[in-house]
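Have a look at these structures, which come just after this line.
You will see two complexes here that share chain A, one where it goes with chain B and one where it goes with chain C.
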Partner chain A sequence: MGDSAYSFSLTTFSRTGKLLQIEYALNAVANGRTCLGICAVDGVVLATDKKLPSVLVDVKNVHKMEVVTPTSGVCYSGVGPDYRVLVKRARKSSQVYSRTYGQDEPVSQLVKSTAGVMQEYTQRGGVRPFGVSLLIAGLDCSSDAASSHVPALYQVDPSGAYFAWKATAIGKNYVSAKNFLEKRWTSDMELEDAIHTALLTLREGFEGEMTAHNIEVGIVRKGGKFEVLTPSQIQDYLDEAN
Partner chain B sequence: MSIMSYNGSAIIAMAGKDCVGIAADRRLGIQLKTVSTDFTKTFQMQPKLFVGLAGLATDVQTLHNLLEFRMSLFKLREERDMPPEVVNNLLSTLLYEKRFGPYFVEPIVAGLDEDNKPFLSCMDLIGSSVKANDFVVSGTCTGNMFGMCEALYRPDLNPDELFEALAQSLLSSVDRDAMSGWGGVVHIITKDGVMTKELKGRMD
Partner chain C sequence: MSRDSNYDHHISIFSPQGRLYQMEYCFKAAQSGLTVVAVRGKDSSCVVTQKKVPDRLMEPSSVTHLFNINPKLGCCVTGTMADCKSFVTRARYEAGKWTFDNGYSCPASVLAKRMADLAQVNTQTASMRPLAVVATFLGVDDEAGPVIYKVDCAGHYLPFFATAAGPKEQEAMNFLEKRADALKDMDHNQVVRTAITCLGHVLGSDFRGSEIEVGEVVGKTGQFRTLSEDDIESHLNAIADDADA
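What follows is the complex of A and B.
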């Protein structure tokens, strides 16, 4: 990374004002497995497709959904190894925050610092942009009463741009998934409804049969911790949905 | 000669019913010479939060500026006020960063949290902090202040009673200390605002 022969930035503007490397990174994301999130009044849910290339892969050691702070978690679409680098950075920066302020990092701050890292990799010399879009779900601090933590869902793109969403999807079939969510999302949705809707949305574009072992679901409730559901918990929700 | 008593100071903070008060003397000395009688040692960092800094005057001012810097950045980034507990943790971290060349201050944090409940804490010069429900003291006559507070404090005082308790505790404590006194100031913080009063005491 310190080799002076590659000290120029690989992400340079095209004549039309685009950063083509970022466009191509977004293509890598659009080819990735679907990931979606829904923000409810009392929590947030993330769900993703975890289809593996072969039945021989040991699925219990594959993690797409990761906990970053006790009250927030992240999932991705795109290039897995790039994602793991970002998760490591995010975990470290949130521990630094916690060490200084004695509180869990609010998710909006986590998003800003992660987005900052991703932007850095579009401008620094000798590096390429990250080939992932992230969905970060967690609890934000409001400026009112101490006990009110606000559920929030954010998307972060390879360019470093971030957006707050009520519900969204990224990866393969994200267009039809988002259309489905647009019809189903309501402002008074509770977490249990949101989990059901997330599973239904995921099933819409799923290739083959969706089981508790080839998807991952993560939730965070207001006042609780981010947890990745076990296959048996997912199976209960799937049974209810059927 | 102790560096913590080079300039002289006395600060007390007490909790009342849905209110907190913080009182400090006004003396700035250079050993035996009194140089100023209106030196500020209590700083309103936020509408419902005060920080009191006792110790070496240059570090009082520097640490105030440093805290102002960090709290402003926090407010800009997080779009919310810093809760008193977080101010306490931040101060603790800032002080420990200088563990082997410390700031010679012993701060007090006094304020109302987001639910308007009183918050009090004090710490030593390297960041070891302790929270209290009743009162905290810091300065060159802590022995005197502890005695006075223990005698005059009662739980759940209203703002006027709290003012009396704070003012009497401070004035009597500094009268037996050569390095502190020369006037006093008391701030009472309630959810509706801050009431500040100057104290008339022995100017010696």
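What follows is the complex of A and C.
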């Protein structure tokens, strides 16, 4: 890291005041496979397209969705190898948090530190920004102890900017996916409805036939843990939808 | 220099479309090596590649693209040979360190991920170019059974039932995709013969035993070994007999 011969930023301001490398990184994200998330009153769902280049790939051992803390998970659109770096960092920092404070890192803290890493790579010497946008789903602590955990969905962009969403989509066709979600999201939506809506939204822009094996779905319920659904669980939801 | 319109061709920064030109050029370099075909079956994994000795005065045993990483893990590398050797040396170190730290033989999935993560660093840091290597790791895992992992210059890695790399990668993958369902029941001889047949099919020629290299790991207690010329000849004869029958 410190031995980089490039001790100057590669991301610099253009004459019009833009940081072009970040804009280009967002283009890389927009070329990535669709990923979407919906925040319900009792949980959050993430869903993504997991199309792989060949039937020869051992698909059951390939995962886009990753658990970071027991109560939060993350998914991405964009450059896969860059994503792995961020997952590693996020897991490490949540372990440090856990060791310091004796509890699982709330998702808003996790988002802040991950966004900080992404920002660092837009300013540090000799590196380029990450070519991924992340959707991070998890449970936040609320100030009211009785209701304890509040479901939350965040998006983190290559610039390091992060936003909390009720529902959102990133990657290919994100505009039409977001329009679809805007029509269907309601403030009293429950997790089961959210899962169905997520699958319908994903199917809208899907190239070819959507099956339980070429998508991934992750959920976290209030009071529960983040889990990635198995293909047979996804199949049950797909059957209900038909 | 950042304003030089072609700077995004020189180092690893994004182009206006969000592409990384250095990655694409690196792939071109990596794909210019030899074609590699890897197949896994019921209880074994194998890899087959061409053996081209450029000069008759060269020692044939020194020309190889198959390397063992540890007794149970093998690796076939294609691309620029100097980068390949550097990659293999690092893989051996990483596997050895992991084995020492954890007390048991490094699994292929762990090593593939580690080498892929190292490859990713070169795509994000301007000071080092990516290595022009596509590596195929093979082994038989205690829990997962036979495994094949392909790691490329961009840091992508995936587990495969069968895969190919190099100039004829697409044709070889097409050949293997047609046989995808049959692969998981194949025994270790059939696995090797499928891989050899695939390579012959895409290169459009028959081989002698001295013109290809074969590496395999058979069974959970098996060791990675490269087949001798006689072993290869007997496989080639078996394939020819099947073809005649």
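Remarks
The rule we apply is simple: the second predicted complex is superposed on the first by the 235 of 242 C-alpha atoms of A that agree within 3 Å, B and C clash if a C-alpha of one lies under 4 Å from a C-alpha of the other, contacts with A are read in each partner's own complex, and residues count from 1 in each chain.
To be clear about the criterion, a contact is a pair of C-beta atoms (placed from the backbone, for glycine too) under 8 Å apart; a residue touches a chain by one contact, two chains touch by 3 or more.
Quick caveat, the model's predicted, so the values are computed rather than measured.
In the model built by aligning both structures on chain A, chain B fits alongside chain C without clashing.
When the two complexes are superposed, the chain touching more residues of chain A, out of chain B and chain C, is C. By the touch criterion defined above, A:141 lies against chain B but remains apart from chain C after alignment on the C-alpha atoms of chain A. In the overlay built on the shared chain, the residue A:54 is in contact with chain C alone; chain B does not reach it.
In the superposition on chain A, A:27 makes contact with chain C only, while chain B stays out of contact range.
Applying the stated contact rule after C-alpha superposition, one finds that A:129 touches chain C and leaves chain B untouched.
Of the two partner chains, chain B is the only one touched by A:103; chain C is not. No C-alpha atom of chain B lies closer than 25 Å to any C-alpha atom of chain C in the overlay. Interface residues of chain B facing chain A in the complex, by the touch rule stated above, are 77-81, 83, 85-86, 88-90, 93, 113-115.
Within the complex formed with chain C, the chain A residues making contact are 3-6, 10, 12, 20-21, 24-31, 52, 54-58, 61-62, 79-82, 84-85, 88, 121, 126-131. The touching residues of chain C, when paired with chain A in their complex, are 2, 11-20, 109, 113, 116-117, 119-120, 123-127, 144, 154-156, 158-163, 173, 176-177, 180. Every residue of chain A that touches chain B in the complex is listed here, in rising order: 99-103, 106, 108-109, 112, 141-147.
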